[in-house]
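In structure tokens below, several structures.
Each of the next two complexes has chain A plus one other chain: chain B in the first, chain C in the second.
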Partner chain A sequence: MIGYFTAILIFVIISALIGLALNLQWGQAGMVNFGIFGFFAVGAYVAGLAAMAGVPTLIAALLAVVATVILSALVALVSARLREDYLAIATLAFAEAVRLFLLNETWLTGGANGLPGIPRPLSKVASGLNYELLFLGLSITAFALCFAFAQLLTVSPFGRVLRALREDDLVASTLGKTTLSFRVRAFAAGGAIIGVAGSLHAFYFTYIDPTQFGAFVTAYAFMAVIAGGRGSNIGLLIGAVSVMVLLEGTRFLKDFMPFLDAGQAASLRLILIGVGLILLLIYRPQGFVSEYRLQAKQGRE
Partner chain B sequence: MLQLLLNGVVSGLLVALPAIALSLTYGVLNFPNFAIGSMITMGAYIALFFNVDIGVPLLLAAGLGAVGLACVALIADRLVYRPLRNSDHVTLLVASMGVYFVLENVVRFLWGSDIRGYDIAVARPHRWLGLRVNNEQITILIVALLAMVAVWFILMKTPLGRAMRAVSDNPDLAGVRGINRNRVIGAVWGISGVLAGFAGVLVGMDGVIDPLMGWNYVLPVFAAVILGGIGNPFGAVIGAILIGVAEELSTLILPTTYRQAVAFLIIVLVLLLRPHGLFGKARISR
Partner chain C sequence: MLKISSLTKTFGAFRALNIGQINIPKGQVTGIVGPNGAGKTTLFNTVGGAFRPDGGSVTLDGVDITGLAPHKLAYQGLVRTFQISRDLGALTILENLLLARPNQSGEGIAAALFSRSRIRAEEEKAIEHARALLRRVDLWRLADQSAANLSGGQKKLLEVLRAMMLSPKVILLDEPAAGVAPTMEGVLVDFILSLKAEGVTFAIVEHDMEMIERLCDSVYVMTEGHEMMHGSFHEVTTDPRVLEAYLGSMV
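The block that comes next holds the complex of A and B.
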């Protein structure tokens, strides 16, 4: 039972990290990233491949972060000037290109068979349940660092400029803020967090394949950000936990509906994700917690 | 070479139908409908249900699939998009992703994930001036051209089409002139549904039917719409044909598995060099 809860907590942390990144990119900077799952995959594969090549796991994770930061900056550089909906298409196209690469470059990524046997960090220190708890500790540490990083960016002048750009980039650029540079840096900062999430994913599961990085990753992240309240990091945490609890809860659907086969139960869960996302947008678009404001008098922009 | 060109034009026409649908909804509702992929899938499956499970001839089943999908699109509009009518386009965008999940997984739920196919006889390709042309390609050609003529007629020659173009150009002005926006939007969803439904059947005839079949078309369809210029259905057709040809010709220099990457490349190039597309209005950069 403890093992199950540790596993759930680690899932929550990984998806909360992705949500945190989206909250920075979309919540703060107004840049819609539909291709999160592509960046996530890059992080996981770089970490996995580096670790399998014998690189120490911490360095492998760093390499993953470097890779996702560079790619995010590049994608942002190309598309940051575009309106939100075009950015969504461009990032989605990027993620699909990543998926094609992972599927086809079998010599490197194992193709559809994926990468088995990724070494885990500190695997000699503990084993079994103790190791699970150790990994949970590592994940919590990583999350705390990323959360502090995101929160720092949010309350810093940098975050204020991002929100100003999101609301009205003309005004912000008139005040001497270089739109492109801020957008690229915000996107890259989000990319760094996705890199951390990807490495944790690779190390925890020790096996990765392209099917783990589908559009549903993007949907979870959007749900977490919208549920939590766009722009608020604390809200995101609440959003990510509640979305994950809801999703894990739907695993038990099968127990109430024994007439469903495994495939049907899985698709029913994804239907619920879609319905949940839509219901949130219709009934609670402002989320649980409102955005950080210097004068926290009223919520909601 | 000519053979590749022919194949390219035909697969471009296949992309053209959903591209018109996407372009129409983009123009009138002002958001990119990411659910277009799963609409293609669902259309193919509705027709499959009538064709294989009930035993209706494919032509009739395709019609039923198209009508069925138009109903699905109208229901989605009523339940999802209408309550969000006054939201910003990012909200609608995310909502369409939700619709994508629902539709694709309803398909999985009802029909499973196995690869299926229509009940059609496999025929030998025809030879014609040294070119290989198979029956599916001829069907695609005819259906796509008919559909395009029909859309052109509706858009250009009927009051409904005029209303659609008016709402697409300037919704407020159209409203002032007494055009019922919800009715126009309903018509747009209906037409999109019919187009995506036929596209689904054609894709299913050309290849296989599985729940991911539509997702594989999302990128080419978006690339076609962007290349042609958002909100310009006829530009989308040209864009689609260019992409079909480019994908086919790319097999000369790239491994065939990277065909889909051509769409990605085109999206990146268009967004970098000419973001409003070949025939679009310059209004997308911020």
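The block that comes next holds the complex of A and C.
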């Protein structure tokens, strides 16, 4: 049972990291990234390939971050003039290009067979359940660092400019902000977090293939950001946990309703997830937690 | 100070702007009036960097600023406001002002992560600057509220305040009286005049003639993309050609 919970917690951390990145890119800067699963795949494959080539796992993870940062900056740069739906299409196209690359460049990625036997960090230190707990500790540390990174950006003047760009980029520009530079940096900062998520995914599963990086990754990330409250990092954490509880918790439906067959239980599960989201959007469309706002007036009367 | 010469802007075959010479003198409020479709907002969009001009030049204190992007104009000392207020509703009133402060090192990622004490000191200064401005128009009491909650007139004030955070030489005001309650209009006029007394230069596009009369040192009348006359409010409003421009377009 502890093993199961450890695994679930690691899933939550990985999906929360992706949500954290999306919350920076879309939640704050207003840049729709539907291709987030493509960047996630790049992070996982770079970390996996580097580790398999004998690079120490920490360095492999850093290489993954560098790769996702550079690719994110490039995608933001070439789609500089695209907004909203058009940016969504461009990022989706990027992710599709990544998927096709992973499937077809067999010499590098193993194609549909994927990459088996990715080395894990600190694998000599512990084994079995102890290793699972050690990996959980590593994941929590990585998440804490990324969360601090995102939160420091959110409360800084940098985050303020991102929110202004999301609201009205012409106004931000009129007030002296170089919109392109901020967009590229916001996308790259999110890309860094996705690189960490991809590395953790590769190291935890030790086997990766293209089917693990589908559009569902993007869908869960958007669900987490919307449920948590666009722009709030604490909210995102609550949102990511809620989405995972909903997804995992509904697996046990069958145990409580033995009169359902497997097909009915699976359908009911999807219905419950959908109803949960719709109820949330009706009764709390702004999400669980409001966006960060500077409160500076107190004590300055 | 702000000199607009031979500025043209065409959209397809339609020449929306065909300016001869418009001068906005330093420390004055210059009005730009004219019937709907005369090209007043196009003039602001072209001078303010939203559109690229097809010809002509704009200089500010002798520096050529023709066709510069809005963020570069802001650093040259020219800021504009918008006909329909474009408040950043999700930001607080104070954040709207802080955003506009130039040269903030906290807008860099590395500084945001590692130079927290420097940023805090800069923010303190920025907040003092913003507070001084907000207090002048009695908006400091609302500083931490969302800008979305402000009334139409307060939003117009906020736009002027935000512009003032950049300590600009010239502010282009596009229809400051549109959608503003009469009492707030008085506050807005008094505030603009007090800024003018401090040496800020204004160009104002406006339909409200009472406001033009109270604010402007001189007035340009535009028709069909061209400035047809320039003079005092009295000269302009008694000129038969101006009446024809307004009424003639109705025939």
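One rule holds in what follows: the second predicted complex is superposed on the first by the 262 of 301 C-alpha atoms of A that agree within 3 Å, B and C clash if a C-alpha of one lies under 4 Å from a C-alpha of the other, contacts with A are read in each partner's own complex, and residues count from 1 in each chain.
The criterion applied here is as follows: contacts are C-beta pairs under 8 Å (C-beta built on N, C-alpha and C of every residue); 3 or more make two chains touch, one makes a residue touch a chain.
All figures in this text were calculated on a predicted structure; none of them were measured in a lab.
In the superposed model, A:Ala126 lies in contact with neither chain B nor chain C. Of the two partner chains, neither chain B nor chain C is touched by A:Val245.
Contacts of A:Thr174 after superposition on the shared chain: chain C is touched, whereas chain B is not. Legend: residue contacts after superposition of the two complexes on their common chain; A:Ile59 is shown touching neither chain B nor chain C.
In the superposition on chain A, A:Ile271 contacts chain B only, with no contact to chain C.
Applying the stated contact rule after C-alpha superposition, one finds that A:Ile282 touches chain B and leaves chain C untouched. When the two structures are aligned on the shared chain, A:Ala112 is found in touch with neither chain B nor chain C.
Look at A:Leu145: by the touch rule set out above, it reaches neither chain B nor chain C. Taken together, the two complexes place no residue of chain A in contact with both chain B and chain C. The residues of chain A lying in touch with chain B in their complex are 32, 34, 78-79, 81-86, 88-90, 92-94, 96-97, 100, 103-104, 169, 215-216, 218-219, 222, 226, 263-264, 266-268, 270-271, 273-278, 281-282, 285.
Interface residues of chain B facing chain A in the complex, by the touch rule stated above, are 31-32, 34, 80, 83-84, 87, 89-91, 93-95, 97-102, 104-106, 108-109, 112-113, 215, 218-219, 222-223, 226, 255, 257-258, 260-261, 263-264, 267-268, 271-272, 275, 284-286. Taken together, the chain A residues at the contact with chain C in this complex read 149, 152-153, 156-161, 163-164, 166-168, 170-179, 182, 185, 189, 231, 291, 293-298, 300. Residues 48-50, 69-71, 73-75, 79-80, 82, 86, 88-92, 94-95, 98-100, 102, 104, 106-109, 111-113, 116, 119, 122-123, 127, 131, 140, 143-144, 146, 162-163, 165-166 of chain C are the ones touching chain A in the complex.
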